[in-house]
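Data block below; observations after.
So that you can tell them apart, the chains are marked A, B, C and D in the order they are listed, and the count of residues begins at 1 in each.
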Amino acid sequence: MISGFELLEPKSVKEACSMLSKYGDQAKVIAGGLSLLLFMREKLYRPKYLVSIMGIKGLDYIKYDEKNGLRIGALTTHRTIENSKTIKEKFPVMAETFHKVGSMRIRNVGTIGGNLCHADPRLDPPPTLLALDAKVKVVGPKGNRTIKLEDFFVNYYETVLKPDEILTEVRVPGSPPKTGGAYIRFSTKTNDDTPAVELAAVVTLDSKKEVLENVKIGLGALAPTAIRAKKTEVFLKGKKFKADILEEASRIVSQEVDPIGDLRGSEEYKKEMVGVMLKRGVKMAYEKAGR
Amino acid sequence: MQEFSVIGKRLPKVEGYDKVTGMATYVADIKLPHMLYGKVLRSPIPHGKILHVDTEKAKKVPGVKAVLTGEDTPKIKWGAFIDDMHVLAFDNVRFVGDEVAAVAAVDESAAEEAIDLIKVDYEELPTLFDVFEAMKSDAPKIHEKGNVALHQKFVKGDFEGGMKEAAYVFEEDFTTPIVWHAYLETMGAIATYSLSGKLSIWLSTQTLFMARQRIARALGMRIADIRLIQPSVGGGFGGKSCDEPTAMICGLLAKKTGRPVRLINTREEEFQASRPRVAANIHLKMGFRKDGTIAFKDARTVNDNGAYSAKAPATTGVTLTRIDTLYRFKNIRGEAILVYTNKVPTGAFRGFGNPPMHFAVEQMMDMAAKEIGLDPTEIRLRNATQVGDVSIHGWRVNSCALSDSIRKAAELMNWKEERAHKKAHQGLGMGCFIHVSGKRHFGNYDGSSAVVKVNEDGKLTIFSGEGEIGQGAFTVLSQIAAEELGVPAKDVEINVGDTDTSTYCHGAYASRLTYIAGNAVKAAVADAKRQLFKMASEMLEAIPEDLVSKDAKIFVKGDPSKALTVSEVARACLYREGGFPVIGRGTWDPPSELQTKDTRDGNTSGAYSFGTQMCKVEVDPETGKVKVLSFIAAHDSGKVINPMLAEGQIEGALQQGIGYALCEEMVFEDGKVMNPNFADYKILSADDMPEKIKIHFVETCVEPTGPFGAKGLGEPGLVATSPAIANAICDAVGVRIKGLPMTPEKILKAIKEKNKAAR
Amino acid sequence: MKRKILLNINDEDYEVEIDPNRLLVDVIREDIGLTGTKKGCEIGVCGACTVLMDGKLVSSCLMLAIYAAGKKITTIEGLFKNGELHPLQKAFLDYGSFQCGFCTPGMVLASKAILEENPHPTEHEIREGLNGNLCRCTGYAKVVEAIQAVAGK
Amino acid sequence: MLIEEKFTVKAPREKVWAFLMNPNASGPCVPGCEKIEVLDDKTYRVTVKVKIAFVSLAFNMMVKISEMNPPSHLETLATGEESGMASNIKAKNVLDLISLSEFETEVSYRSEVSLFGKLGTMGQSVVKGKAKQLGREFAEAVRDRLEVSA
């Protein structure tokens, strides 16, 4: 059973923010509610007020133009993103990633905003969005701010959001030509199991399709938050795509992570697997970029 | 071959309409007027002495009608084989999840609130989680009698001679974990208590009458004062045999409040405190002669009983000896030890104790084949049990198509070709199995009985207490009845299990229903048929011996023109001076024997099923992850009554068997289950299963004692699955994994060690 | 504080007065009495509580009942219309796609959603679509067969 | 759940030992440590507040020194409860000080932590990960205090 609470249903972001500032610690935003309800049914969390933003119009959209890139409303469901023509065409790796989230039932209800704000390091979208240099737009009583996603996550289930702030939009810059991406969700039990390693790679090649002009790596399930593998990126940047280079890169990425040994594998195993997945991910991204 | 009109047909399940429309009623769907909701408080610690239980606050919660502690129970020790459990603990708690107190309230939230307010003071006691630690003489005692619940030992045949004869000897340790049934419906009960003194319980169980006996024992009541009713049951797989106290607690709450009480386990409670598969630690040594025949076998298994003894004392004996009739073992030595630990009590799960020893022996058969230079199929053919054999334990094999099943599986898998031309990191593996059709154990009776009523409308109603838990018993029994009387299956109905109206039956375990209950129902219908024929013979002026029944008509052999319908005859029996309703009774006890205690001799079952499974896997050499590409199951289940349902049984068993092989395991930390939910304890989804699965029934050898030649088939589907996959993994990447589950990490580690050794 | 909401289930309106913390699965089962929707895991991973909300599959055990207000909900009971089984229900019967039947309501609804989105799915697409609807009895083979049979028609 | 950490402090071993043995000095280094009561020279009562995102936990712990071998080895047993979550915690801790040089000491500790009740199942990796973080914060704090005043 879930302990009792008052459900507040603001009709605008502004109203929601004022409710949040009014009740402070006693209140929390709820969107689809999937993750939050799990915490509440375990009685790990007993809020006095839940502020449901599901009734707020105009937070469910996918827009794209060359100049501003991609803009996704916080209440857009995983399913909508997975099936969006725009996203399939412009950011295929995103469509692939969101297709891998939970089950169809979860994707029909879960929202991109809720997913990011829950800040569970083992969820699918963050690594890919990190590798795509995503930003999030946040609205608070004192106005808006835009935060790079890599600065957004703080710790397990913790973000830089203030108690009275709401994430309203996710922004993804357009990708340069000859860019390819790949997302790997490596689980050690069933396909739908919580992954042991998540790796997203986005590769941009030079005009001759030889040099890795730019490489961005997003990782999940390997630290208290989803992270960028900066050292590995720096190492790969400007190098030619070669087996020995990938080998070296896989060693570097293994050192960049700080996994916890758990039901999905030991610390050592996860460190080794992220190396394997890096080689595979970069290769896949490289091949897509070359097309 | 005999011509059948109903047997062997792919008929839909008789209760199917209710299940596809959501109308089927499971215990949690029943709501009685004035009903209360029950909840149980469980021990948070693995071992401790209860110093004090404070229920004052809980009793004050509005809506709470009863709060029970161990002090409110009869304090009678009970258990399936060893009496070491209490309905609610009052002295010590022995595992995380042990039942300590219970509440009944007007709604779930009040019940939960009250549970949270019960304060229990414990004195923590030393804990034991490892069987080998617990076996030590100086180990702290979990029960007064000590930590060894059972110890069996035997030497049979010319063991020493066998050792001398052996040209090749192999010795290995194998381990298998505690795994969970994962039936989709959690256990639960609804109990009502009438002041007349009768306790009625709707129970999610697979053994109705045995459950009633246990409840009566544990509550100190007369069996006659308890009525059990079996609603639709959402799967059992051995777990719903009333080896844990849910029903008793629910009954006590109803007794105490005088109101109906519904008690349904949460998924987490199920993981913590139901009765999962026993974990085995097997030390196996086998010797082979030059020609590949088995010279001797020396097996020792140490099984984890958990904190109390449910079915584990029986499963442990099965782990040690059931496989001894798969091959022609002549010289064997065996030892089985069952040890208490501060973990969840273990019990019966599809296959009983059989799968762990198959995991060990069937791998060693492959090790031997490789060493001797024989094909895995060949070494098994050279040792395979044959029809007419009497095994080292005195098991009489009336029917056996093991050799045929090996050949058939190889043909379907295209074994030799595929093995010769497999791609890198792909491998093929096989495993053979034996299983029983019933197991004589309780009161030297393994029989079943049934009553059948032929209504004046010509329809049959069967009364049997064996019960349907999804496995298809009702449909199969209907088909047997229909065939016997010569009516269409749709004219047969079976009443739901109810101890007030059903005949006494042991229930669903040991794959016994088709074989044993099938014979009982067949006999009951034959009895009714005699009554009908007697009447028909008068009406047709013929002698009963000349009559036949077909398509719901009774007529003189060869003269269907003058035919009477079954309903006409049934009505004629009734509507006459001194008329009588047509009621047939049948009972059947299989030709089996109780086993001797230590040597475990005696023909434990009336019939034995055999089979071969083969699979093709691909192993990712960089991650150790296994993908099962295809699976072949060629089973000898005698004559198959309903192929569609039979295939379903094996396909479902494979889902459990592949999970057992690759990913299922209850993980414990400080005795606490660390993965007590479906997010962390993963069972296979549709896309985890191989797309290519072929089930084949080898009907070359029907069972002479079975109904229309049938024998049991429910459990065997997973018995040989884990060794088949282990052997395929070895064929693919050359490593032997001797511990289940065969996780990617274990496999990768083994691959690395192999490569290191190669360098 | 209790609220009155209107739930439209299987084309019928039900007015219920509930607290905000009530889950849709409990309201459907306990308050309205449609017990075809089952509780299996209570954490949204087993699929036994699957219902359709405005035609979309959702886990009713992870859904606040209030969220369902004003939406069109279909439970397994809603598939049996004017005395006729839904083709999928018929196929599940004929192909033996269930045993204990506890996962079946969710499984049938999931199958329906799969086919509505993609009338002619490949076997892989079917299996992927069923992912997260757990069954411990059938091994899914006959569920896939039933869906293929209906898709083939 | 086993937690092992190692860190070095630029201070002589005796000084580090003395610091750690003085609960009023070292206590504040324990992240989230709200208050310490010295019941006797071998037992303390400690209140520690831990926040995992929006889940805040308050542990009331009893710490008993079970073995002491100055200035290098200390064993303690900590038991306590988190009332809000109806959870219990038990931790066997072993602390070793190795003097690397006259001015440098290696502090290594090993805790076997058992969590029971709701927290026990809250996701092993989260709890473990959090514990790891707290250990590092503790190391930082100890360094700050000792190395500054050194």
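Methods note: a residue touches a chain if its C-beta (ideal position, glycine included) is under 8 Å from a C-beta of that chain, and two chains touch if they have at least 3 such contacts.
Please read all numbers here as calculations on a predicted model, not as lab measurements.
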item: Contact-richer chain pair [A-B vs B-D]; value: A-B
item: Cα-centroid distance, chain A relative to chain B, in whole angstrom; value: 44
item: Distance between chain centroids, defined by C-alpha means - chain B, chain D (Å); value: 49
item: Rounded Å distance between chain C and chain D, as computed from the means of their C-alpha atoms; value: 50
item: Distance from the mean Cα position of chain C to that of chain A, given in whole angstrom; value: 29
item: Residues within chain C bordering two or more other chains; value: 42-43, 45, 131-133
item: Chain D, residues touching no fewer than two other chains; value: 121, 124
item: Residue numbers of chain B (touch at least two other chains); value: 674, 677, 679, 683, 685, 687
item: Those chain pairs that satisfy the touch definition; value: A-B, A-C, A-D, B-C, B-D
item: Residues on chain B engaged by chain A in the complex (per definition of touch); value: 108-109, 112, 622-623, 625, 662-663, 667, 674-675, 679-680, 682-685, 687-688, 743-745, 748
item: Contact footprint of chain C on chain B as seen in their complex; value: 10, 12-13, 15-26, 28-29, 31, 181-186, 232-235, 237, 266-267, 469-472, 644-645, 647-656, 677-679, 683, 685-687, 689, 691, 693
item: Residues on chain A engaged by chain D in the complex (per definition of touch); value: 28, 39, 42-45, 119, 155-158, 224, 260-263
item: Residues of chain C that touch chain A when the two form their complex; value: 1, 19-21, 23, 42-45, 47, 50, 53, 56-59, 62-64, 66-67, 110, 113, 129, 131-133
item: Residues of chain C that touch chain B when the two form their complex; value: 29-30, 33-43, 45-46, 48, 75-77, 79-80, 85, 89-90, 92-96, 98-105, 108, 123-124, 126-128, 130-144
